[in-house]
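Next come two complexes built around subunit A: one with subunit B, the other with subunit C.
Here is the complex of A and B:
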């Protein structure tokens, strides 16, 4: 059987390797002095823009109450059925409030539909992307984890308003 | 009988009917707020305006009598425009309250706004502000902003409940509903105004904010509050009953039910005191055991005891099926001592719905064989014989006899063997040797017979441990369909309970009387075979609205 010829032999230039090594090193050197795109996470944290959809949170008003009126629309619209609400009655001017508000973060798909449907601007997507649990139960976030002061959510609220 | 032309189709009408009634009979719904088939016509909401040929102006369909040859258009340009205008007027001062309004999802105003309004408001002035959260009575809350002044609630109190309690005050855009001075909305039927209020102006203080309508399942069943047996819908969320509402049945309860039936008859189903799993008394204490153990201990206790020394207490709260199997078991154990208590409160009836007999099935239980037999003892006799130790074994089904009379409780102290089927721990279970958990009326299939000798079906709306919503054909809400055991709302409490008839069938099997029933329907079919009055009646025939025995065609 005739000896099969290689498709294309390396040229001499390529066979001595040194020029190739130099080429590679020069790219490395060039990039060393360019601005870096990667981050030293978790030492350095990524701070997303207002348009980012992190985990949904509830707005905590300045007077200390929740803005949510437990209408249940977010729970109804959520395609992943992540939200469970139990409404209750309060003496506040808005007579209805969520006695219980739970989001199952294993179900949530960060679609933002809850935020879009909310008539009160009470549930918004935050910038929080750090979600890790070791137990299924830990993934169910109650009001303690969900309520975030309105001041911390200004970015997102402004972003949303720019589309209204 | 005459004919009118409704939207191009010929439709029959009966003499004296209005256009809206004729249309309803023909299956066409003309939008309406203030008109209600059981109340007088007030004609104030104006949303039912239709165009009638040869009439100069649009006419309100609720107050215009149909007459031969009338040509009615509900969807002509003029009618549609009028409807849109009426909707716009109604919405001028209506608050944007839907997110906190309990009516949302079953609100006529929402529905019609969706169907007939332009979807935009031209009203730039400020809306009126009326009182919110007004307690009109012990059960009903009123929100003035949401009221559209249809006067249904006023007419209900005047015409159905027969107590003039509500009225309009003020005029124009300030008109609102209030109670007469010194009066409250506290008639025994007050909560029906919540059902008929077309908007969320009247809400039930009991069910307020408990659940959204779209998160609940609803099951057609019967109220257990008295021998009327009002047809109801049971609304359930996460396996808990949230509310009962009446279901239309022209022969029994029309559109209504009483407040007592609506509020107090289902509490025991969700109560803390439920019996969860079989219990046997060991060293003086009721201890949880397996079904096999519990049933085994009963059958070994009864073996060899003379039928004369055994007695059975059935119940007018249990179904025909339960009582039928109990009487069958009594026969197979050769006992003639079988009876049940009565719950008749003389003078408690009215001429609307409420009956003196506070049980749903006393006629049915008797028919099923729970009546003292010839030479057998009645309830008093049984309890006396218990005291005298002539009765050694007593079966009690879904009854709390110790509570009825102090003598009964006294007698039970000395009984040799007491077997109780109960849904909740009560004063009788305190004396019991074995307590088996009975499924409540909300957890089983069965039939009751009301005072009219009308057979009506109850259906399970709540699941017990050995039931599955989907496999057992229960009504399911969205949450039931998609919940898993990892969701808190899917992981609800289910009691380990079984229908009494099934418990008794299993027990009979252990004692050598093999009854082969797997479903309540099979028990009923067997009863229909053996009880003359029930010959030929089936579950299908009873259907959704019941079957009156007196109407049964005589079989030749």
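Here is the complex of A and C:
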């Protein structure tokens, strides 16, 4: 019976096995003296880049009004049906504003479609990733939590503009 | 020494050794996690206490608070007895291993080993570690789960095949010493006449078999997490699981202590007697040497675990029967030749 030969048979040196074991051991030993990659999270915070998609927020203009015109596109495009908007009217130059703007953070999947579809650059993804609630009611973010000053979102807005 | 003092001295020795063993076992678990972390460029446990040093106590507390689950199809008596056997074996084997030369305290000549007078010496260790197979086989069989059963079968097959080469490797040592007494075996390895140097093949065979006997990677087929969930202890929880866990690490300490005693000169430091120091300095140093050798071997055990992949079942059997067994026989011939040429010491 002809013995099948493998594409690459082990040499005698490799078949003794102990030298190869020593090689493997030396690799792990070298690793033991390398610095750890671990980021000790609660003490050291992860600082994301502009490309990071954290929780979606509404842009608050410097004069104190929101940018959003309550067109409802974000709510329409949201695949998880997380956004609920009720439009209202004002006497300002922009006549529409959202009376109620709620994002259910239990439904949000951080896809960023709302930000992509928004004609006013009014809803953007922030760098905030620390989202923990103790109650289901807490997970529904209203305008009080969603509105973030435009200065804090400059990174993300610049990132978005570089793709337009 | 009358009966009462003998009893008192032995009781104190047993208590000290049992406590030291338990503490070492718990910190061995800590170091296992730390060393695995270092080998993988991680930090490891660092939350409980400074540098995570209180982690073992947190682990034990957690295990104590867990619910003790008994599988419906389990054979209840055997299911409970199995971890007890494992622990019993793990904590009794240590009795014959000498951690230092005889010392004189309060006018009493005290040998630093719990039972130095047992004539069978090393054979006692072999006998007890063989009982250890029952713990794993029983646990696998009694759990009423196929994964546990597979783990139990694997472990009995593995332990039986490696026990043979282990026994033959020890036979070489016994031939050399002409005695089964561990104290005598240690005394004969003075200077650099360590058995690891005189009979390197036997040393390698013994170390590999020790890995297989303690079910450590690369021979941890009875556990084999990816294939068998947890192997023989899949159905165990709470303190019954902790029993197996402690026994595994206690077995590691025993295997290391055995390797030190049989092959690495026990508590001996080569040529320390030529320095002419007082025994008050030499004896603590020698006990320290034993602890150092033991620690180095334990590190080696952990280091190997985090470096090598697991053997396949057939490879394991191949290695056991086709490589280790002939090698151990060659070792016996080698030792016999040495004795014939140089005469029995």
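FYI, the second predicted complex is superposed on the first by the 128 of 164 C-alpha atoms of A that agree within 3 Å, B and C clash if a C-alpha of one lies under 4 Å from a C-alpha of the other, contacts with A are read in each partner's own complex, and residues count from 1 in each chain.
Here, contacts are C-beta pairs under 8 Å (C-beta built on N, C-alpha and C of every residue); 3 or more make two chains touch, one makes a residue touch a chain.
Only a predicted model underlies this, so the values are computations on that prediction, with no experimental measurement involved.
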Open item on the list: Contact-wise, after the overlay, does A:37 reach subunit B, subunit C, both or neither (first, second, both, neither)?
Closed with: second
Open item on the list: Under the stated touch criterion, which partner chain does A:103 make contact with: subunit B (first), subunit C (second), both, or neither?
Closed with: neither
Task: Partner, of subunit C and subunit B, that touches more residues belonging to subunit A - done: B
- [ ] Give one of first, second, both or neither to describe whether A:24 is in contact with subunit B, with subunit C, with both, or with none.
- [x] second
TODO: State whether A:84 touches subunit B only (first), subunit C only (second), both chains, or neither.
DONE: first
- [ ] In the overlay, answer first, second, both or neither for which of subunit B and subunit C A:71 touches.
- [x] first
Open item on the list: According to the stated criteria, A:146 is in contact with first (subunit B), second (subunit C), both, or neither; which is it?
Closed with: neither
- [ ] Could you please specify the touching residues of subunit B with respect to subunit A in the complex?
- [x] 96, 98-100, 104, 132-133, 208-210, 212, 214-215, 479, 482-483, 486-489
Open item on the list: With touch defined as at the start, can you tell me which subunit A residues reach subunit B in the complex?
Closed with: 69-73, 75-76, 81, 84, 87-89, 94-96, 102, 104, 106-107, 119-120, 136, 140
Task: Contacting residues of subunit A [partner subunit C, same complex] - done: 18, 21, 24-25, 27-29, 31-32, 34-38, 40
Open item on the list: Which residues of subunit C touch subunit A once you look at their complex with the stated criterion?
Closed with: 35, 37-43, 46, 204, 303-304, 306-308
